[in-house]
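Per-chain numbering from 1; labels A, B, C and D assigned in written order.
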């Protein structure tokens, strides 16, 4: 397989390019009998869709979800569940100039080295637009998890160097950058708009957590829960790092300070471990942080070469997110939900 | 599958517990015709084996590799290649006291929640001893890669808060902590021994790189090269985080500073990306850093409960590494080699 | 995975129900740079589509293929290739009477036992209509194979007890039953129409072959070439058996008569082996035969029970093929092409 | 993966060559808490082992099973379960003459075309000896199934053209050919010995059944239960065909005669379907028949070529089974058990 699928039992297969006719996903392994409507999916797609605020790209896509199979009379049937999202606002001509030039910070050169050919329109398959299909699938996973009392949530913890206090989850969906603190959110928004104005972009940190996870999820050895989550999150193009619990700080701690004392019944004295020990969930909240790089598409001039190796000075003028962190939040939640749904089914098969 | 396998085309399946009769690995997908001897494998196992220095555990295992299949007249045949490593120095009795107690920082509680039963001797399947099988498999991958001019290498960049200057790869195998700088290595060694003396442990950071990787490796979407490497590295129990290139620092950079300019031919003005863009290798050296937590087994008293929920104060007295960073170095190299070997075969299948 | 995917490197994932909005397939692993148009796919879908002749069902579906991704400027890009086929001629009301009754010879009872819920309209996911997606994917595989001089073809060797002489492949597409001999074809056609008239149905045998296959395809042990082909063919609901080469006749032969003498260079004195030895192609034409059961949907009265266990006498009146053999022919070719395409990529990865 | 693994959740990976140091298997997905001893495995291996009677090969292997992992205090732990079987009676020199000659009826030429290299000693990886590992794994699956009231059994229904009446399962293990009828068994035995005497070999038919299977096993579309069983059985080198229930006879039946009437509760008026409808078990006994070709190794002279294409007249003189049917019986049972165990876990994951 060429990497368009993810998951062992709750398996998704996505397709679609930034400027092709449509994106979509087939989910194999959805438990039968789950109530599901297109509205369940649309709700999440709306959180990810472009054009939702001043800090996101101007591309205007409704990202309307159509369920093509696997649902009958409002419930899942247990068979393959396909969801289709038509592209409607392609400006393919914007990219003609890029047909022969490799954009710095993008996969353009890698794709050419890999495939020999390349759909250069908006990055083709390498576009972040592909994550719409993930969010659609993640909405199904979220519905499944919610019935079991499990939730995934994420927020912008840092943007352009501005760190948000971890005040309140309630605030996150109330500001365009999806931070917990309204004041920090305001500053982050200004920083993003200022970066855009200068033809530049900025990065940040997404904080995520998964609540209600029973102890015992994750597989020993290679499919440790943190390994699967890391796989899921690093499969997002802009993510350059992940850490669980105290993460890189743990590298400087002693065993005597790092170990959370066990209080029994899935309760611990703290959560330096991030809810995972030896790759298996320990009953605590699972916590992680993601390093998100600044959007590589900027209008400031950059040095690169064309496909004949000639130096080119490039200024990218298409529609782009000056900072992808806010729109990444629902994608991160979706990926986390997909991993947990998969682990739950694997555990169900085990005993 | 329950997570004992890794890789799509160069696939390894490991087995074995810390205190069972043996560990081993089956490698499916080794290209035929590769020269291979047990010495090739032993060389790497010797770098990982316990008892190799004062900073490692006192458990004394020869970790002798026996090739059981897949090699004929000194060359691989392309069929399943199995390697066996017998355990010889088990002290199972050391663990009787732990049969009913959940060690903090370990997978003990998670395993019980998962399986209902648990081989408590040395952590059973959750023991780091399992990585011997990975190193054996990695030695085969390394041999395959070496013939293509590809290498993986790693070192201790930080231990117990002491950061080693990145002086010289030549030094790494000359000191017991596997750092690049002899002076830093000395201090690291002292810090580890001091931690052990106090009944405590310490963590650190492993730096790794992969050289000679052609552009175009990694799959789009879910099996991005960094996603696969993250999966591989986070499947090591002590690793709590990973970052590629500038990693978490990238979160604070601007697009105009983060993007490496492309000079053509797989050459770039710098390597903030860590050699991977959009999940595909870009011709640059691949670089990453791993957060390694302090060993959870310490003799200082810790609070926990037994399997009937009664509070227990635990002091772990078995044989343990006070810092796992030095012995993790060859394991990290092995995992990196396995990922790259797999990606090469996938690319070969593609075109 | 719940069985909606097939193939290791040339992997297809299908979705869709008989009476849902659409069917479709995602192909992961299509080599980049292959010329491909919707017409290539339509050509094969037209051979399978319902309503094509008097011996097939009256359901009238255009089975129009739309490529949603993976093709750019007339060539495949190497990324996920999705094909959509809308359902247009659903008569869902025909099936209301079957909502609570288990049809003999169908998967109805098994699905209910499996999922608890069931889309009863036309069999839902268990409908043969699902094979349209396979034929669409198979058309892509066929295009890929054709460029390498490899072809798959099939015909009706027997229908309702009438055996067709293996006269000429040229004739196959000229008669509605897809037999090699025009006279036998005429008799087969009459037998099918007569069965339909009586409210009954009939079965038959499909003969298939794969030409131009290089020696060395197939994997040792579990993924032998014949094992993969058997998996592919038995995944067609109506197929009850498969044999390769002399098949069941071989059970009565001696080694001295069964063994084909080897003439070198992939040439053999005969082809009792059906082109596969020890699971690996031997350079000869691959030949196989499939036992196809009579269509279970008949209007003659049948005994069954409803979902509360009450006896029911059932007479099925919807639109059905009185004999599925003719329309199975392109499906069998498609499945054979998918298996060979997959094996070729696996071999390419090997060396 | 190169085909050394089988199964989705109850997954086996085998290794080993006919004349290498050892054979073995790793089973991933064994449910935890299952009572298991080496004796459970040995019992099945003894039924398959060479040298057990006059109708089998003279190679004398004890086929002693050693459990290397996954069992603790007499119960499975849910982690990878490895079993090792040492080869002890290799006569590698017998094969020196075959190093450069392709045996008719064997995979020799295919392997060379595939890998470029070949372990010619006893067929290397292509040897039927590989099935010892499957039988070992199957013994674990059988133990798991037995606790659920599910059993797999097989017998020789036909050998050298002699058909055994299906008298009694009790008789099967009492005669060396494993037939149900003692008189037929006697004649079969004589036919096999006579074939051997003439330097020839013979084939036959294995009948198998699986009892106690609940309705609802098997996956829709590609992993239909019969598709998985066909995959499993055709992965045995000597098997040239499979049919379920009425199989090839069904091709000549009418729908009105072929359909079993449904009596409710998993009961049917007959079993023409072989217990599987639309790929899903229907509560009836699963029945199938396998075409087994005559052993290709015969001492009668055969025409072939060497690896430089020169004609050779070959007379094979090593130790071989003149008819593999009797020893195939436990292997078929093992494969059936592995498929059902896998399907049970998949169903358990589903709901």
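As a convention for this text, contacts are C-beta pairs under 8 Å (C-beta built on N, C-alpha and C of every residue); 3 or more make two chains touch, one makes a residue touch a chain.
Small disclaimer: the values here were computed from a predicted structure and weren't measured.
Asker: Count the C-beta contact pairs for A-C and for A-B, then tell me which is higher.
Answerer: Contact tally favours A-B.
Asker: Please identify which of B-C, A-B or B-D repeats the interface of C-D; the criterion is that more than half of the contact pairs agree.
Answerer: Of the listed options, the interface copy of C-D is A-B.
Asker: For chain A versus chain D, what separation do you get between their C-alpha means, in angstrom?
Answerer: Chain A and chain D have C-alpha centres separated by 46 Å.
Asker: Provide the C-alpha centroid distance between chain A and chain C, rounded to the nearest whole angstrom.
Answerer: Averaging C-alpha atoms per chain gives centres 38 Å apart.
Asker: Averaged over CA atoms, how far is the centre of chain A from the centre of chain B? Could you give it in whole Å?
Answerer: 26
Asker: Two or more other chains touching the same residue: where does that happen in chain B?
Answerer: Correct list: 1-5, 8-9, 14, 29, 32-33, 78-80, 114-116, 125, 220-221, 346, 350-351.
Asker: Going by the contact rule at the top, pick out the chain A residues touching chain C in the complex.
Answerer: Per the touch definition, chain A meets chain C at residues 1-5, 8-9, 11, 13-17, 20-24, 26, 28-29, 32-33, 66-70, 72, 75, 77-82, 84, 114-119, 124-125.
Asker: Give every residue of chain A touching chain D within the complex, in rising order.
Answerer: On the chain A side, the touching residues are 9, 29, 31-33, 78-80, 220-221, 345-346, 348-351.
Asker: Name, in rising order, each residue of chain C that touches chain D in their complex.
Answerer: Residue list for chain C touching chain D: 1-6, 8, 14, 102, 104-107, 109-116, 123, 125-126, 130, 158, 160-161, 195, 200-205, 214-224, 226-235, 237, 240-256, 258-266, 269, 273-274, 277-283, 291-298, 300, 302-305, 309, 311, 346-347, 350-351.
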